[in-house]
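Consider the two complexes below, in which subunit A is the common component and subunit B and subunit C are the respective partners.
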Partner chain A sequence: MSEQGTRRISAKRGKASAGLFQWLLLSPSLLFLTLFLLVPFVMLLVLSFRDVDSLLTVLPTYSFSQYIDVFTTPAYSRTIGSTLWMALVTTGICVLMAYPAAYLLVRTPSRGLRTFFYILLVSPLLTSVVIRTFAWIVLLAQNGLVNEVLINLHLINKPLSLLWNMNAVIIAYVQVMLPFAVLPLATSMGEIPPNLRRASMILGAGRIRTFFRVTLPLTIPGMLSGAVIVFSLAAGSYITPLLVGGRLQPLLPLAIYQQAVQVFNLPLAAAMSITLLLIVGIFVALAGWATKRWEGRMRDV
Partner chain B sequence: MSDNHIPANGSSVSGSSAPRPRKRRRISPLTIAIWAAGLLVYGFLIVPVLVIFLSAFSPQEYPQFPPESLSVRWFESLFTSRQWHSALWNSALLLLIVTPLTVILGTGAAYALGRLQFRGKQLLQSFMLSPLMIPQVVLGIALLYELTTLRLINSIWGLVIGHMIVAFPYVVRTVSVSVSSLDSKLELASMSLGAGPVSTFRRITLPLIRPGIVAGAIFSAVTSFGEVSISLFVSSPKTITVPVRIFGYIDQTFDPSVNAISVIFIVLAVAALIVIDRTIGLTKVM
Partner chain C sequence: MSGIRIQEISKTFGDQTALSHVDLEVFEGEFFSLLGPSGCGKTTLLNMIAGFLEPTTGGIFIGGREVTGLPPYRREIGMVFQDYALFPHLSVSDNVAYGLRIRKVPRKEVQERVRESLALVQLEAYASRMPHQLSGGQRQRVAIARALAIRPAVLLLDEPLSNLDAKLRKDMQTELRNIQRRTGITTILVTHDQEEALSLSDRIGILGDGRLQQLGTPLDVYRRPSNRFVAEFIGQVNLIAAAPEAASAAGGSSPAEAPLGAAGTAPYAAPAVREGGANLAAFAAAQLQAAPGEPLRLLADLAAPEGGAAAFSGAPASAPAAASASPAAPGSAAISASAPGAVSPQSGETLFMLRPERIRVAAAGEGAGVNRTPAAVSGVSYAGNVLRIRFELAGSGSLTVHASDPDFPALPEPGQVYDLYWRPQDLIPVLPGEGPL
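Up next is the complex of A and B:
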């Protein structure tokens, strides 16, 4: 056999053994995620169809009773509604605030300032959520800083009760989740060629019109990918609402936490979890569909 | 089209005096409004951190503004408290177990996903990153149920598994960034010179994707150190971590030493950030 031939064969064999090696590298993760991500979810799904007796013992029978409970009890329907509403409001505020923040990040002329903005944006992501939430308690409590400053300025006579309501949850959520909205938006804003905006202005469009006709349409995908993360985090976290909103806020993650940890009605908690997962899943799918449609439209134009 | 743009760009870079008058003209009320709005947003982001620093060094139980004097008494109480000691020990132990395991799993997975081509790869990729999106309360309860069934709930292994699940996507993401910028011709060259896939991976690939691995390790360590949503479900009184202890203190009592430990957390986070910026570049990872 010629030398070239053997080399080709050995290269082929090398490729095959490289493929085998790569599957070998992938398999421990596959095994781990199957065991501790996929299996728990299948178990949770099965559990959600289980019945319980009056002492909340799980019975071996299956039915839709937990889901019927979730969707027909007025308190739970109200909880689902207000969870959706709260997550949407949080997402909306985050997106609105993300635009000026991303603009500054992308357009700032000084590198040092940009790094500083980056650190402001990313350091909250690396700080535990309990700590960031705790700061809002210090700020908003009856004897907290906001009340103290307002009283010292003689704007109010007695402290306002700013904590333990849905507004406190939304304020804390916006602060906790804003970076997730700003970062993808800044990426897609940075990808717009500056000449595109310049062209629009040369053609006579003002800056506001250029924003609505050029910048906004091109940043819709980045905006949506940030919105998806904010929505799923806002709909699914329970630490922040528990600490600044209190246990009684009608929010689905809080209800799940209570059913699982305090009431010990695990099948009901499982059914609520699957419902929450579906809500988030539907939102993610809708945003994905909208992004695809939008990008298709942009390409056609 | 791009040919037309090069001279335009070139002229604005080389003519340093040219942009100046244009800049002056551009400072319009609109620009000022946008900058003011943006700075307000960044202020909103930073206020809670400032509050924590203010409170941690305040001598009173409740922080005052403006502060009258400084004190380190909350830091002292932190170092003398037995409960904080055991929580810190648990958190550190977890971090030392979780980080290497997650980095090994995540690096292998990110590299393999970068090189392999097969049907359903995108689906597998989304599955691997899904712990970032799945509601944490759902993740917590699902793990709680499984680990109770497996009787792993009162050991540290429940926490190890929970932390690995949430830290894993970060490692996959940072290492993927490094893998995608790695020229696969280098590996092909190594293999055609007779090195097997294992020694090529060890001697060519690993050194070249090290920045991604380092950044992934930092993200994984920081995530594990701050994790609370899943820990709250799967920890037992014996395996309480720092964030779970903080949660307990905020939820039940008020203990200002929480401020002090928060300051330590924030300083560690900013330090981690600077390391990531030096190794791989912040803008690339996020």
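Up next is the complex of A and C:
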């Protein structure tokens, strides 16, 4: 056998053992994920196709009855619609607010100042969700800070009801989810070669036109990956809407909790959960497809 | 089309001086190069012309209009960047059309001018490609087409060829020059590649240490460098410090004749030697010794048209301050072809430049002319068309010689002794250190 052939075979063997080693390294986390994510998910899926009798006892028969229930009961479809709407609005606001913030992070020349901005940005994530949400209650309540200031400025006569509605949920979400939108955006903004901006400017475009014609198109992948995270979190979180919106808000996570823990209709809760997963899954897939298409234009995949 | 006037530009970053008192004019339709080692301030100067930086003091005029303080998008400049800076999300034709669409040029005309610009760089067939589908050379040409499509007043090239491989770089050099000739656009090329600057430019400005060291044609800066920095940066040199020979000590050939008026014009206190109808000045190079303790006698023709007498108006012999206060030019050690320690001119000495290709090599004892010395080969580096040979003199000192390939059917062996000789006019006096300009 030629020397080259021998070397190729030994290289292949080396690769195989390296592969085995990688699997070994991965096995604890794979095992964990299988046991605590994959298995429960399959159980949830199975449960969602079960029937219940009038006393909500789970029967051994399978049908689509729970899904039919989810999509035909007006209260439930309204809940799906408003969950989707709330998540989209939150995502939109986060993305809009993320652009100037990412711009600031990328363009700050001083390293120390930049670190300060990063800390400021992620600080909501470092506080407990309960503390953070109670801070919003303090601010937005009938006798809260915002209402008092507005009344003292004689801008309003009666306190506004800022809490226990969807707007409060969106405000609280934007605060905590902004960093998830800003960080990927800042990364993709920082990867734009500085000469592209210069080329645009020397060709006659001012800062604003350079932003819309160069920076914005080139940050679409970063913007989308931020949007995916914000959307998934906003559609699926439970504690924040419960605390600032109240348990009666038409939101899927609240409805699921209600069915599972209070009504104890587990198959219906499972069907709602799968529906929520599907909504998020479709959004993630759409964003992924858009990102791939856009990046494929710019480089070979 | 218009010329560019750089008026007394200085730029400081904090307490760092990047450029000081640079003053130059690029004429209309000229291909001008800014040449210098990295960190010399050439890119800073280009960025100030483009408007990405503002000068600390001084002004920039394009076609008589002051552009200092104007943002880049108001300057009507075409620029080609080192990394090409093509917009990756736009096709070739959209890249070229970018500046036209910003200017709200009518659609029909945009199409026409895109086609025209792409034709200029011979890329019409690639209009619908994306930048990532092009080779480096093609991207380069798209960048040029994009810069020219807006019909700018001037074209700035920021090391545009440094990312290309050697062969492609040569082709692109020719193409750049052709495009520039065809369009007649005033062009400034920033480069650290001296060969590129020499072969492309009408004139070259050499920047070193934030100052303009010399301004001249390629021939000027190569053959008559104004100072040691330029001599060492452009091409390779042997630098030889030599003292004027005392008239009484003039040995060997005929004693010094009456200077015949030459002493009045030449600022050297060297005795004139009449040789072959020319007035030659005699010097003794203490650091070059054919035999131990015997400084090599150099005869230089200081009035030769090819030589440096005209450019070399500063008189080192009468201005020893310049010589004693000559620090080694920054970065020069790496470029220098001569032994580093051997070339610090003492007070009263003159520094001569002797290009390696000007030294001729003959079999031992067969050298001709007034400047000759035997020397032994100490190293040979074969570069194809040229042989770089290092010679050691028996006493002290060494010389680098570039000999042409056909002259040596067999490579010289280390230790082999040859005769080296050169003409008096090949010894070019240069100012030590950097010169004021």
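Rule of thumb we're sticking to: the second predicted complex is superposed on the first by the 276 of 301 C-alpha atoms of A that agree within 3 Å, B and C clash if a C-alpha of one lies under 4 Å from a C-alpha of the other, contacts with A are read in each partner's own complex, and residues count from 1 in each chain.
The criterion applied here is as follows: contacts are C-beta pairs under 8 Å (C-beta built on N, C-alpha and C of every residue); 3 or more make two chains touch, one makes a residue touch a chain.
Just so it is clear, the model here is predicted, and its values are computed rather than measured.
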item	value
Touch count on subunit A, higher of subunit B and subunit C	B
Contacts of A:M298 with subunit B and subunit C, given as first, second, both or neither	second
Which of subunit B and subunit C A:N195 touches, first, second, both or neither	both
Contacts of A:T115 with subunit B and subunit C, given as first, second, both or neither	first
Partner chain in contact with A:V214 - subunit B first, subunit C second, else both or neither	second
Set intersection of subunit A contacts, subunit C complex versus subunit B complex	193, 195
Contacting residues of subunit B [partner subunit A, same complex]	5, 8, 28, 30, 34-35, 37-42, 44-49, 51-52, 55, 62-65, 104-106, 108-109, 111-113, 115-116, 127-128, 130-138, 141-146, 149, 161, 164-165, 168, 187, 191-192, 196-198, 200-201, 219, 222, 225-229, 232-233, 243, 246-247, 250-251, 258-259, 262, 265-266, 269-270, 272-273, 277, 282-283, 286
Touching residues (chain side subunit A, partner subunit C) in the complex	193, 195-196, 198-206, 209, 213-214, 217-218, 294, 297-300
Interface residues, subunit C side, partner subunit A - complex	50-52, 71-73, 75-79, 81-83, 85-89, 98-99, 102-103, 130, 132-133, 146, 150
Touch list for subunit A against partner subunit B, complex	7, 11, 14, 17-23, 25-26, 28-30, 32-33, 36-37, 39-41, 43-44, 47, 97-98, 100-101, 103-104, 115, 117-124, 126-139, 143-145, 148-149, 174-175, 178-179, 183, 193, 195, 207-208, 228-229, 232, 235-239, 242-243, 253, 256-257, 260-261, 266, 269-270, 273, 276-277, 280, 284
